[in-house]
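Chain naming follows the written order as A, B and C, and within any one chain the residues start at number 1.
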Amino acid sequence: MSGGELGYAVGMAATAAFAITAVAAIKDRGVDLFGVLVLGAITAVGGGTVRDVILREPVFWAQDLNYLWVALAASLLAFVARGLVTRGQTYAILLYLDGLGAALFALLAADKAWRLDFAWPAGPVILGVMTGIGGGLLRDVLAGRPTLLMSRELYAVPLLVACALYVALLAWAPHYRVAGLLGGVAVSFALRAAAIRWNLAMPRWLLTRA
Amino acid sequence: MSGGELGYAVGMAATAAFAITAVAAIKDRGVDLFGVLVLGAITAVGGGTVRDVILREPVFWAQDLNYLWVALAASLLAFVARGLVTRGQTYAILLYLDGLGAALFALLAADKAWRLDFAWPAGPVILGVMTGIGGGLLRDVLAGRPTLLMSRELYAVPLLVACALYVALLAWAPHYRVAGLLGGVAVSFALRAAAIRWNLAMPRWLLTRA
Amino acid sequence: MSGGELGYAVGMAATAAFAITAVAAIKDRGVDLFGVLVLGAITAVGGGTVRDVILREPVFWAQDLNYLWVALAASLLAFVARGLVTRGQTYAILLYLDGLGAALFALLAADKAWRLDFAWPAGPVILGVMTGIGGGLLRDVLAGRPTLLMSRELYAVPLLVACALYVALLAWAPHYRVAGLLGGVAVSFALRAAAIRWNLAMPRWLLTRA
């Protein structure tokens, strides 16, 4: 398996994880199967869609429908096995996979923005974070849930840190781009995993209201 | 009246129906006339706007402002006559017209995506459904109402079924495209009309929580 | 200082005002610093972003990142000094500056739409108003607050009036374009300032429910 193939496989696993955690998130709201499929797919591909619209590029899932099929299949599976996916251990694994997926998508988006020379140096960081959290934001808005922005959860900050580090690397050591991509994913995932594992949240003095 | 002219006339009637049912939907929330015009217009043209952005085409209402004028005029009318449009029989007629309009817009959007060779075969179905329900989703999000995705209403599924059938026809019998368009609108409208008439909803076993 | 430089300086001040009033608006919801920066930036540049997507132009902040830096710096400042920015007199000054900024952005957006010959004559008015209120709408939706469209506040109507007057001037006296831009900003700001000063709202007979 080449590096590209491995990245693709992880991307597909992450797409599925996004869709499944989406179903887990909306499960207790009495959504029907149609809503499950729509919200699962939007969570999985929504962030990248917003990125591509802002970059004025063709939307990525139209170029490779596998992202969509995987998202829909995973949503269907999660609907059928919805008792299982929200159970302790399974859900924990999914959370970590979701964190890995968000890291991967964010870094790849930062890289895409850099290749297209979009708004250097802030552009790649912004589009990276936006791609990682955009789908979840759309899902929560459409499902009438409080969005990530309203919580103290450490979900986006790991993406922000890793994308900023990646941009710094592209600026000062562009030869290490591939290593930087992998390192960025690792940094983001490590921070997110620590947040999940030890239940870390934003410290209270960084809230508008303690 | 040619087929094209008939389609155009139905499209305008449907645009008006979208705007009027939007006003009926938000009526009890104390919106002012400005909000009524904005939400009416967004409901009527929002779905097609999202479709065109994703297709990277010029937005349709910029090419033919009649859609917008009709939506604004219908919203104004619905505001003035808001006591009437929510009354039993008038509202029932509007609901059917709204279902016909959603069917027409969805099928035309699927056809547009097909003509532009967008993400065959899933693309035309997705953009068809998105065009049919997108305006209503935007309206509900902006008005702070629970969206369609959170209800058991049979609104989107008829569009999904009809767009999928239309794509199947384009795949296997493209010569019957025009008949397929009309048939698709008929199928979608028939399903929606049945759902309105007999108060059909998604069966409970297709909900995440019964 | 040339006219262009003055406009640019007012634009930056307005961007900062948008971001700061955004932080004031969401302050009591317990948002963390990351959410503050994201919501501040979205409020400041969101409307123009939607405009550029609909115009199929490159997003304006990617062309000149100063808008973004100013929005982020202002959000950070507002977070640190959040006790101050919501205090009586400071907040009042910010409200007026926000009104001036919305006026400036709306008129400049109408002018941009006119230069690109977008959907004359409704297009410039619609994109003008959308640019003035779009960022705030996005912020409120993401923060789970009732949007402007659900209130009787006179925020958007001044923009609508001024953009419509500007379009009329472009139609009948295009030679006075620059004067028209300045006059439009003045009209919009005067109406908004009056609404703030005397607490004016939409009259009850223009509400769907009195």
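Everything below uses one rule, namely that a residue touches a chain if its C-beta (ideal position, glycine included) is under 8 Å from a C-beta of that chain, and two chains touch if they have at least 3 such contacts.
Treat the numbers as computed from the prediction; the structure is a model and nothing was measured.
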{"item": "Copies subunit B and subunit A - interface residue numbers shared by over half, same or different", "value": "different"}
{"item": "Angle (degrees, nearest 5) of the CA superposition of subunit B onto subunit C", "value": "120"}
{"item": "Approximate Å spacing (C-alpha centroids) for the pair subunit A, subunit B", "value": "31"}
{"item": "In subunit B, residues with contacts to at least two other chains", "value": "53, 56, 141"}
{"item": "Subunit A residues within the subunit C interface of the complex", "value": "53-54, 56, 118-119, 122-123, 126, 137, 141, 146-147, 149-150, 152, 156-157, 160, 202, 206-209"}
{"item": "Residues of subunit B defined as touching subunit C within the complex", "value": "23, 26-36, 38-39, 49, 53, 56, 58-59, 61-63, 65, 68-69, 79, 82, 141-144"}
